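Please read through the structure below; I'll follow up with questions.
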Amino acid sequence: MARILLFGRLSDIAGWREKTLEPAPARLSDLRALLAADDAALGEALAAPGVQVALDQVLVRDDAALSPRSEVAFLPPMSGG
Amino acid sequence: MARILLFGRLSDIAGWREKTLEPAPARLSDLRALLAADDAALGEALAAPGVQVALDQVLVRDDAALSPRSEVAFLPPMSGG
Amino acid sequence: MISLTDQGFDPGPLLSGFCRGRAETGAVASFTGLARAEGGETKILELEAYPGFTEAQIGAFAETARTRFDLQDLMIVHRIGQIAPGEPIVFVATAASHRRAAFEACDYLMDYLKSRAPFWKKEHGPDGARWVEPRAEDHEDIARWA
Amino acid sequence: MISLTDQGFDPGPLLSGFCRGRAETGAVASFTGLARAEGGETKILELEAYPGFTEAQIGAFAETARTRFDLQDLMIVHRIGQIAPGEPIVFVATAASHRRAAFEACDYLMDYLKSRAPFWKKEHGPDGARWVEPRAEDHEDIARWA
């Protein structure tokens, strides 16, 4: 069961902040495709420049394999406090 | 009655921190002469470069007339806090 | 010590605690950021963090400050959630032997926290809410240290 | 507010009071100077002021800082008399709309207080007492602002 987290404007676009997926997609690219199929506007927002991805709280730049218990966070540009 | 104040190392040299003079000397230069006649080491220390004089809490650069109730402070180089 | 809190906090007791028992420190600089009303333009500021990730990222940056400025200690407390005008948003304190290092490290940490730290900021004003991205000024501030 | 005190003080409550009720401030920088033990070299620091004159001179300088950095407010509390290692010597706080001004004004005030303010400083160490004159470093610090 993968845990997906959205921050900042991404959760406003999606209408949710956190969801779980069972089974977990095999790869980050599969997860992106799944989310975009569900919600095209969100899919586009997640692919926008400046949106970073943290896999188990570590930033990843490229595609990556997900484990069944991965936590994937989509992070729009950080604004500072 | 003029009030004379010494600060920092000047009071260590003189052995006093504050004294009153009655009658008050007419001018700052008279006061310097009086103090130097009493204590040559102090007279020399007061004349050393970097020692400033405040007359009634205002810095004065040159000779000045004293009033009967003047407060004269001799200030060695300020060290900051 | 790096912590996030969704409760209001008072910077005074933090500074008192930070200064205590420092016979060899000499210099403690601090910065307190307060939410501004902007003449009524901003009613409530809302800050979102990613718990765990946000502290870890700030902690990693704080280590660079500790080394760069030879700090003896530092403290960062950051508010999250909804913040009213006048309330503290952030408190940073730095301890060093000499004041130049303490000031510069505090300034450096604040430039980072205001421009690149993992927070997402929403301003609730009279015309609704909007997400805020870092200002050009914040990017220039952090660029000074490159 | 500029004050001298011959009693020990805690910087925390000063910072709390200074930050209170500031819906339009944004930035409060502070500096706390603590007496250093210097590994046992300095046992007691003694600071002499010229009451009235010292506050007036600091006040006049503080006005230049207020104008130069467009400060909303400032506070200076300076300890005089005998000070033990670890005890606060000085607390400076500055309030401004933006953090750059608050930091720079605090730094500027500290450079002045450490190099040119009317205090006379005696260090009591294991080999007796000696009067301290400003260090070359302090003069360089204040020269940065010319």
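Residue numbering begins at 1 within each chain, and the chains themselves are lettered A, B, C and D in the order written.
The rule we apply is simple: a contact is a pair of C-beta atoms (placed from the backbone, for glycine too) under 8 Å apart; a residue touches a chain by one contact, two chains touch by 3 or more.
It should be emphasised that the depicted structure is a prediction, and the values quoted were computed from it without experimental measurement.
Peer 1: Could you work out how far the Cα centre of subunit C sits from that of subunit D, in whole Å?
Peer 2: 23
Peer 1: Just curious, how far off is subunit B from subunit A if you go by their C-alpha centres, in Å?
Peer 2: Measuring from centre to centre gives 77 Å for this pair.
Peer 1: From the mean C-alpha coordinate of subunit A to that of subunit C, what's the distance rounded to whole Å?
Peer 2: Roughly 27 Å separates the two chain centres.
Peer 1: Can you list the subunit C residues in contact with two or more other chains?
Peer 2: Those would be 33, 114.
Peer 1: Sort the chain contact graph into one of these: line, ring, star, complete or other.
Peer 2: Here the contact pattern is a line, an open path with two ends.
Peer 1: Which two-chain combinations touch?
Peer 2: Chains touch in the following pairs: A-C, B-D, C-D.
Peer 1: For the complex, which residues does subunit A have touching subunit C?
Peer 2: 5, 7-9, 12, 54, 57, 73, 75-81
Peer 1: Per the contact definition, I'd like the list of subunit C residues that touch subunit A in the complex.
Peer 2: 33, 47-48, 50, 52-53, 56, 78-79, 89-90, 112-122, 131-134, 138
Peer 1: Considering only the defined contacts, which subunit C positions touch subunit D in the complex?
Peer 2: These residues of subunit C touch subunit D: 10-17, 19, 21-34, 36-39, 85-86, 88, 97, 99-100, 102-103, 106-107, 110, 114, 141.
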